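Read from first to last, the chains carry the letters A, B and C; within each, the first residue is number 1.
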Amino acid sequence: MKIRGAAAIADAGEGEVTFFGNAKYLPQLKASRATVALVPADFAESISAIAIRVENPSLAFAQLLEKFAPEQICFAPGVHPSAVLGRDVVLGENVSIQPFAVLEDGVQVGANTVIGAHGYVGHEVRIGSDCRFAPRVTIGARCVVGNRVILHSGVVVGSDGFGFEFSGGRHVKIPQTGIAQVDDDAEIGANTTIDRARFGRTWIQEGTKIDNLVQIAHNVIIGKHCIIVSQTGISGSTKLGNYVTLAGQVGVVGHIEIGDQVVVGAKGGVSKSVGPKKVLWGSPVSGPIREAKEQLAAVRRLPKLQKRVVRVEQLLDSLRKSLSPESEHLSG
Amino acid sequence: MKIRGAAAIADAGEGEVTFFGNAKYLPQLKASRATVALVPADFAESISAIAIRVENPSLAFAQLLEKFAPEQICFAPGVHPSAVLGRDVVLGENVSIQPFAVLEDGVQVGANTVIGAHGYVGHEVRIGSDCRFAPRVTIGARCVVGNRVILHSGVVVGSDGFGFEFSGGRHVKIPQTGIAQVDDDAEIGANTTIDRARFGRTWIQEGTKIDNLVQIAHNVIIGKHCIIVSQTGISGSTKLGNYVTLAGQVGVVGHIEIGDQVVVGAKGGVSKSVGPKKVLWGSPVSGPIREAKEQLAAVRRLPKLQKRVVRVEQLLDSLRKSLSPESEHLSG
Amino acid sequence: MKIRGAAAIADAGEGEVTFFGNAKYLPQLKASRATVALVPADFAESISAIAIRVENPSLAFAQLLEKFAPEQICFAPGVHPSAVLGRDVVLGENVSIQPFAVLEDGVQVGANTVIGAHGYVGHEVRIGSDCRFAPRVTIGARCVVGNRVILHSGVVVGSDGFGFEFSGGRHVKIPQTGIAQVDDDAEIGANTTIDRARFGRTWIQEGTKIDNLVQIAHNVIIGKHCIIVSQTGISGSTKLGNYVTLAGQVGVVGHIEIGDQVVVGAKGGVSKSVGPKKVLWGSPVSGPIREAKEQLAAVRRLPKLQKRVVRVEQLLDSLRKSLSPESEHLSG
């Protein structure tokens, strides 16, 4: 028997391998036509596929996928003749500059880095080695990007921060003279925007992964190895510690600090500084998810609770009337 | 009398036609200087404009607008000399490739399709006929686009999904080896992002319309003829049925199923699977809008309810004290 | 002593000037190694830095920053040889057209305006003087941009509005034949999208500042000098007055009016028209922040309130049982 491909439980057919990593998919696994399934070490169900027990089915599957994946697209080193390079541009070995890229004066690019088609790299930007910029990435002047950084299409690093002084009935622009810096091994999703600092730097530290359509305002500092999920927004000058997780559509106000290992649930709104290791939920966030769920359940029952209070008031009133008039003054 | 233009109620002047499609605009209609107004069949108000009764004023107006609209911009067939085409690119009849477009090796484009300026079409992408891509659209390698698909500026189809395994204190990238597929007659709004699948495909099915700045995560499947309004985000591996409507800024967690014809109100948060035809509201969504509004009204009155409970407690306490000491044990 | 640079309180070292504009940073100011600090006129704390009292420390600092800021990047006038210009394009004096820009037929650009690299300017667009378009800005056909307008990377002005008629089981596109107009001194953030009108115009008026990743739907009118913070979305045909502030991630439904000087707090949801000068909070918005906070605090205590009501019911029941059986009918 030859395994010819790998696919999700619902899609896998004969001759394919799948994996089982989430208990909710058990019915699908039982109905699957996959020939082989990677399952957890303690898996005890009976299934038609050949079960291979592994420590981490998802990770093992990822390794298998690479065997079956279509050949990776590689971009040959060299500068495409259409690219426009300014003065004093320094390119490391094996750098690949794709069609219609623009590198302004004084740009430095480390070895093996790929600048995708239509990329724009502003004056005096420094980019490390082994980076992969998808097509259509913009890096504003003087920004700094580390090594092995992955930027997806539409990313803007170093747009102006949103800063104005209200004067004479108008919003007067405050110059945004700082930079944005993205450290080693960071990855930033499609159409995400990272503003440059008013002064100093906006800073995404080592190993942090940012999803699509996220907004990082000026002077924000995000620590190491954080996870920032899609459509989250972080306002100006806020500082995140290391290993912070912000789920999708979270909003964080400006000028606060969020401690190491904090987790904020989807759509959470964070309006105050938070100590380390807290797990927060709601908008504004209100402590552990258990408490938030209790409150939510209570809100669901609130119309009934109101009726019960009305009933209690009526009963109490009747009771008091049925007693001696002396008690009447209690309702004073 | 000659009608020389068409405009909204508030803007329409003498010699122009307008339409009345929303009851809240009645005062504006009465004050309008429009010469002609398209109104519903059952319209019974007295207005100064000449009222023309039609079944669907909005649709009739749309048809009229086309008569008055400025000439549509057409892009002549042919490949602009600045465009960069890879090896084995296959173009159908009357295809238009605009300036600075990049089509990588093995791309196929069907007849009459327009690839706008600065478009990027990755390796081995297949695009159907009669599509219209606005300037600055990115389609990642191996993705598939059907016929008559409209993609607006800044759309990214096929960016990497957001997938990592946490190992050794770092987030290790899981290769995203699948594709994204957009079927016939879909339309996708400006700066919307659609990630490629981890494996298999992220799939936008026939006739679905997606607004601006929407996030579609890896392995999401959106059924036919759905409406996904601006700034909505759908997390990984979630599956929507047909004719689903998600209003603006909705968030949907990963790995759930949303049935046919479900409607979720603006800013709704969907955290569990939902059967067909449900109309949901709130975050997390909490059933029909009527229930959600009741709960909301109850929350508004909650500070008052608290005071009433305090008052009841006091009355009850006084009442019990005024009665025989034997009842004292009731308060335990 | 020579001051050699300017930096934020936490970053400023010896020989640098900082400023103190937010009371929460007092501990940091006291610990700062800055040599000089700009402080408010009524500042009375003892600090190690030399305190210079000024009316507005933030504004004064901004002025100082310009002295220390790196030299501003200037784009030389002229049309880059790679740019593609259509027929009848009219350029004012000192216009700068950067690499790979595309200006379609009939475009007009006023004096001193910079069109950044990869910019796309559609047919018959009119752009005023002294504008600065960052790289990768898209302006759709026939749109109008005033003077001194700043557009950041990834901005899309004039994408199609999201309009369909449901007919025969399909969503049929309604032509979007209007334009988008951006008036003098407006600034629009990275990857923000502004749809063209169905007919007439979507209109951003003078001096309004819009942050990153904001969605402005078709036929929206935003008055003068408004502030629209990141990731906010405004639905079709809604009209904002002057000096309106919408904080981050706000959502506004379509077809309503928001009065002058209204302020909506972060993540607010506005579903009804609002008179001038209101300060609103919550989703849906529910009046002044004080009321919203009271309601929120009450929700936090709600699980406890429920228990108190249960206790009251029990006490009342016991009380009634302990009284004469005649009172029994009260619980009817």
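One rule holds for everything that comes next: a residue touches a chain if its C-beta (ideal position, glycine included) is under 8 Å from a C-beta of that chain, and two chains touch if they have at least 3 such contacts.
Please read these numbers as outputs of a predicted model, since none were measured by experiment.
Asker: Starting from the defined contact criterion, work out which chains touch chain A and chain B both, please.
Answerer: Joint contacts, listed by label: C.
Asker: Between chain B and chain C, two touching copies, which fits better, same or different residues at the interface, with half of the numbers shared as the threshold?
Answerer: different
Asker: Centre to centre, by mean C-alpha position, how many angstrom separate chain B and chain C?
Answerer: About 21 Å separates the centre of chain B from that of chain C.
Asker: Enumerate the residues of chain A that touch no fewer than two other chains.
Answerer: 82, 100, 118, 136, 154, 191, 213, 231, 249, 283, 299, 302, 305, 309, 312, 316, 319, 323
Asker: Could you please specify the touching residues of chain A with respect to chain B in the complex?
Answerer: It is residues 6-8, 11, 22, 24, 56, 58-59, 62, 65-66, 68-70, 73, 80, 82, 98-100, 116-118, 134-136, 150, 152-154, 185, 187, 189-191, 207, 209, 211-213, 225, 227, 229-231, 248-249, 266-267, 283, 296, 299-300, 302-303, 305-306, 309, 312-313, 316, 319-320, 323, 326-327, 330-331 of chain A that touch chain B.
Asker: Hey, which residues of chain A end up touching chain C in the complex?
Answerer: Against chain C, chain A makes touches at 82, 84, 100, 102, 104, 118, 120, 122-123, 136, 138, 140-142, 154, 156, 159-160, 162, 164-165, 167, 169-171, 173-175, 177, 191, 193, 195, 198-200, 213, 215, 217, 219, 231, 233, 235, 237, 249, 251, 253, 255, 269, 271, 283-284, 286, 294-295, 298-299, 301-302, 305, 308-309, 312, 315-316, 318-319, 322-323.
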